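Quick heads-up: structures coming right below.
Common to both upcoming complexes is chain A, partnered first by chain B, then by chain C.
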Partner chain A sequence: MIAEGLIALVGAGVLLAVAIAVPWLKFVLTIALAKGIAVLGILLLLRAGQVSFGHAMFLATGAYTVAFLAPAMPEALLLIPLGGLFAGLLGLLVGLFVVRYRDIFFGMLNLAISMVLYSLLEKLYHLTKGTDGIRVARATYAGFDLPRETQEWLMFAIALGLAALFGTLVAAYLRSPMGRALAGIKTRETRLEFLGVSARRVLLFAYVASAVMGGIAGTLVALTTRHVTPLLGYWTSSGELVFIAILGGAGSAVGAFLGAVAFELVRVYAAASVADAWQMILGGVLLLVILFAPGGLWGILAGRLKVRA
Partner chain B sequence: MTQELSRRALMGATAGSLLLAGGNAGAQQKPSELRVGITTFLSGPASVFGVPSKQMAELLFEQVNAQGGIGGIPVKPYFVDEAPGTEHLVGEYRRLVQNEGVHVMFASISSGSCLACTPLSDEMRKTTLLWDCGTQRIFEEGKHPFAFRTQGFGTPEVLAPLLYLLKHKPDFKSIAVINQDYAWGRDSWELWKTAMDVLKPGVRVVAEMFPRLGATDYSTEVTRLLASRPEVILTTSWGGDLVTLVRQAAERRLFERSTFVMPVAEASLQLLGKTVPAGHVIGARGDHWNNHPKPKDPAKLAKFVDGYRARYNEYPIYPCHHMAQAISALQAGYAKAIAAKGGGWPNDQELANAFRGLTFDTPTSTITLREDGQGLEDQIVGLSSFNDKFPFAVPKDMIMFPAAMVSTPVGMKSVDWLKTLTPAILAQTPAPI
Partner chain C sequence: MVGWLQDNGLLLGLAALDGLAYAALVFMVAVGLNLVFGVLRIVNVAHGSLFAIGAYTAASLGLFFASQGLPPLAGYFALVLAAALVGALLGPLIERFLLRRIYGHEEVLQLLVTFALFMILEDVQKLVWGVQPVSQDLPMTYLGTIDVPFGDDVIPFTKYQLFVLPGIAVATLVGLALFLRRTLAGRMIVAVTADKEAATAMGIDATRIMLLTFTAGAALAALGGALASPTTSLVPGVGAQTIVLSFAVVATAGLGQIEGAALTSLMMGLGRSVAVYFAPEFEVVVPYLIMVAVLLVRPQGLFGVLETRRV
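Entry: the complex of A and B
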């Protein structure tokens, strides 16, 4: 726990140093941190042995919450929790239904529901402006209208702060009885029921928590990129989150952020060096990780540093 | 030097080499090369536009550099793939501006990408040429002092084929639409419907169909169109979707029953060969047909088309022309800015000032950028036909609609403006050329 915290602290320090040294990477890292928060949610479900192929719907919910509300109420510090709230409500609604299913059925139902949301975002043309998306109005921070440079720094700081907050919460949660019960769902659910613990309730709690994190991540993405499109909720975005979880390693909360930062950097550099074949590099990296480091980047790091995950 | 640094950063991607990569933006004195960032589709369905335009850009920059570059320095393009989506693209825009230190950006085939990039151009004060996207929202929803669109946009590209249809087939009574289900498909139908309702009220819309983007089967839609027998079928689809639709419609002889109007057909005609029958209305999102009947400089157009054909063994399609327009605007813009500064190298603001009101040559004619940044490009629409010169359909009986006649005036919204049209505009339509 302490070693994990130390690594996280060092990681945050490195990110900060990079953001200061290379201004344009600040944007990429903010997005990476936001995605890391969403991946934390995937991680919770992975602990229960469930993969959601539709988690981008919560990201899109958070992002569109910001896009719709920002013109009327441009306060970022309110928009962020509101995005989490709406995503959490959607998570509760969807969760009540999907936690009855396991494995491939769980994954596919999530995928199906997320594609329903995607289609709505695309088809309710007069509300959402379809695939062209909505420009996010300029946000204020605690009432201040800040210049671009300050705003970018602030978004980076908020993302970093929220990443630390949710990382700590998830780490604590996974050590709590509720978190242990998640692992119980993976190993043998019947035993859990014999202990008097409702597996559905355990999974529902984790599902709603992961939805909230997805929503928060979405608000951060929307406030940073300032333009939202339905593509945020497309199944490839969901796949991306699962990809990041595997890349980072499901063993630790730090893994989510490690994976997200690595993913964004690989994509940016792959796109910069071979603009027309960057997908191949990304795919190659994932294959290498699966073949040679099944524990993900966190597994490599923890092995080197002899940290027990 | 810059090149070497960023290459090293790419290889290493370690914190140390990243440090070196920062901070070469904002050079005031004349740089050693003119860096241009270009966003285009290099993967996904829209790469049918993106890849040919990239090829055209490479070819033209080679020619420009062989003739001494722009303002005496060579041009170096940086291509970026639009396919991964907005959040990746705006990150790439920042990378190009802040890390590679590009002097000018060329933004986007996709309208969504353009809408995301123009606010960035405002904030980063970087001259951005919108080289292909068509959404009318860009300059109608806000001012963008550093953005300039070097071609036409959705409204004239829809209005011109409508006017052509009203000339060619003035007494049609029913129409059906089959557009791709995304922003352009919806937008273009809204524009068309608005204009049609004022110019020819009472036309019956027998079917409005929006199959999904990238659909591979149109049998249901074709059946419905065969059954409902519209006199006219509008489709603003493009790329693989249009090719599939046309093939499946031709197979079932839909073209014999209804007149098709295809405002974006030009880019797919080569692929379709003889599948598109003669006598249907086709557009090119501009005046840039390879068989333009009256180009400003016929030798120049021939050289342009033949140069591309010699290299890539295919005819240039409209995105190639749009790319050429942006590059021509870039040359003219720099020439004007350098002249205005008495030979000095312009900064970002001076460069943007030069683009306002700029007139530049295109392979077929000239385009002037309006005060809001919108380019005024004439529209040529014609009827599909076949001749000995081309192994695919090309237009005949072409009408050239002057840009000013079919474009929304500065400061107005397209839909509002279309509502103010009267049938008198038909009388202004020039004679076929």
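Entry: the complex of A and C
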């Protein structure tokens, strides 16, 4: 626990140093931190042995919340929690339905529902401008209209702060009885029910929590890139989130951010050097990790440092 | 209601014909996905990529044959050849060197391995065929159209979409059903689907059956793509669209159900086509709404069998 926190602290320091040394990477790292927050939600569900191939819908919900509300209310410090709130409400609605299913059906239902949201975002052109997407209006921070450079730094700091907050919360959650019950769903759900614990309720709580984190991540992405498109909610984006969770190592909250940073860096450099084959490179990395390092990057790191998460 | 039907009858008829052709294609892909899941217990996310590669290969072969001055009939041979090539080359390659390493692993990891494969195959398509639309519609235009009588009117519709696509889908359905129930190889596949360990104990070479099944599934996906290629121009991303739709079909029908997949494909094909003509915004949504509605009532799918809970 303490070791994990220490590594997280060192990691945050490294990110900050990189952002100062290579200014253009600040943008990439902010996105990576945002995605890492969404991946924390995937980790919760993975702990229960469930994989959602539709979680990008919550990211899209958060992002479009910002895009829709920013012209009327450009306050970032309100938009971020609001995005989390709306995603959480959607998560509750969807969750009430999907927590009745397990395994493939759970994954596929999430996929189906996210595709419904995706195609609505794409087809309701008069509202969403379709695949062109919406340009996000300039946001203020606590009422201040900041210059671009300051704004970028602030977004990076907010992302880092929220990452630390949610990372700590998720680590504590996984150690709590509710978190242990999630693992119970994975091993043998019937036994959990014999103990008098409602598996559906345990899973629903985790699902809504993961939706909120997805929504927050979406608001950060929207505020950073200043442009939202339906592609944020496409099933391949959902697949990416699961990809990052496995890449980082499904066992730890730090792993989510380790995976997200590695993923975004590989993507940026691969896209810059071989524009047509970056997906192929990412796919290859994923295969290598699954086949040869099933513990993910965190597993490799923890093994080296002899830490038990 | 009667008045509305009179006003929109023609559109509805057109939607029905369109839906039938579309359902035939969806079935070809979904049935392969279902077959593979039954035997390998892996949901192959890259199944849609095999569809796309089948389609691109068929179009390229067709264009090549045409440029060599071969008669239009060679175009149909190109479709079948493309499916056979993709199935026989990629199928064993993927099963032998990738999937075989992860049997018995966690479901999440299996899904992600095929997702990684999907990402790789997407770029392979872009590298080989580029991002410009590819189209070869000779097999469809060669057969011409037929006037389908509809009340007092007629609907001109391509013979290819009206006869060839549904015909091949029905032939596949009947052929597959007979193969699985009447032949030794088919019954071995059914046995491995039902209980792999018991089947192995009876002397069935499950490893071989899995290889065969995956190859057959890949060929079916590629055939679906090849058959679809004359009806549309091919662009990147077609594999990603196809796979989510066939997931919906398989989950709605119930895992491992072949006749169920046919019926569900028809339902979703028709539903989607009606939406195309009457509420185009909801075209993509309809199949998923059908899926959600079905699973609300029958969590195991329309024809699925409930598993007993283990303690």
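The rule we apply is simple: the second predicted complex is superposed on the first by the 309 of 309 C-alpha atoms of A that agree within 3 Å, B and C clash if a C-alpha of one lies under 4 Å from a C-alpha of the other, contacts with A are read in each partner's own complex, and residues count from 1 in each chain.
In this section, a residue touches a chain if its C-beta (ideal position, glycine included) is under 8 Å from a C-beta of that chain, and two chains touch if they have at least 3 such contacts.
Because the structure is predicted, anything quoted here is derived from the model rather than measured.
Considered on the superposed chain A, chain B and chain C are sterically incompatible, since they clash. Using the contact criterion defined above for the overlaid structures, shared-chain residue A:Ala211 touches neither chain B nor chain C, since it reaches no partner. In the superposed model, A:Leu109 lies in contact with chain C only, and not with chain B. In the superposed model, A:Phe243 makes contact with chain C only, not with chain B. In the superposition on chain A, A:Gln279 makes contact with both chain B and chain C. Once chain A of one complex is fitted onto chain A of the other, the partner contacts of A:Thr190 are limited to chain C, with no touch recorded for chain B. Contact with chain B, but none with chain C, is seen for A:Val18 once the two complexes are overlaid on the shared chain. Once the two complexes are laid over each other on the shared chain, residue contacts for A:Lys123 go to chain B and to chain C alike.
Within the superposed three-chain model, A:Val28 lies in touch with chain B and out of touch with chain C [touch as defined at top].
In the superposition on the C-alpha atoms of chain A, the part of chain A touched by chain B in one complex and by chain C in the other spans residues 122-123, 276, 278-279.
Listed in rising order, the residues of chain B touching chain A in the complex are 6-7, 9-10, 13, 15, 18-19, 21-23, 42-43, 51, 79-81, 84-88, 90-92, 94-95, 97-99, 111-112, 115-116, 119, 123, 135, 137, 141, 181-183, 186, 213. By the touch criterion given at the top, residues 43, 45, 98, 101-102, 106-109, 111-113, 115-120, 122-124, 126-127, 240, 244, 247-248, 250-251, 255, 280-285, 288-289, 291-292, 295-296, 299, 309-311 of chain C touch chain A in their complex. Within the complex, the chain A residues that touch chain B are 14, 17-18, 21-25, 27-28, 31, 122-123, 125, 129-133, 135, 148, 221, 224-229, 231-232, 237, 264-265, 267-269, 271-273, 275-276, 278-279. Residues of chain A touching chain C in their complex: 46, 49, 51, 53, 97, 100-101, 103-105, 107-109, 111-113, 115-116, 118-120, 122-124, 188-191, 194, 234-236, 239, 242-243, 246, 250, 276-280, 282-284, 286-287, 290-291, 294.
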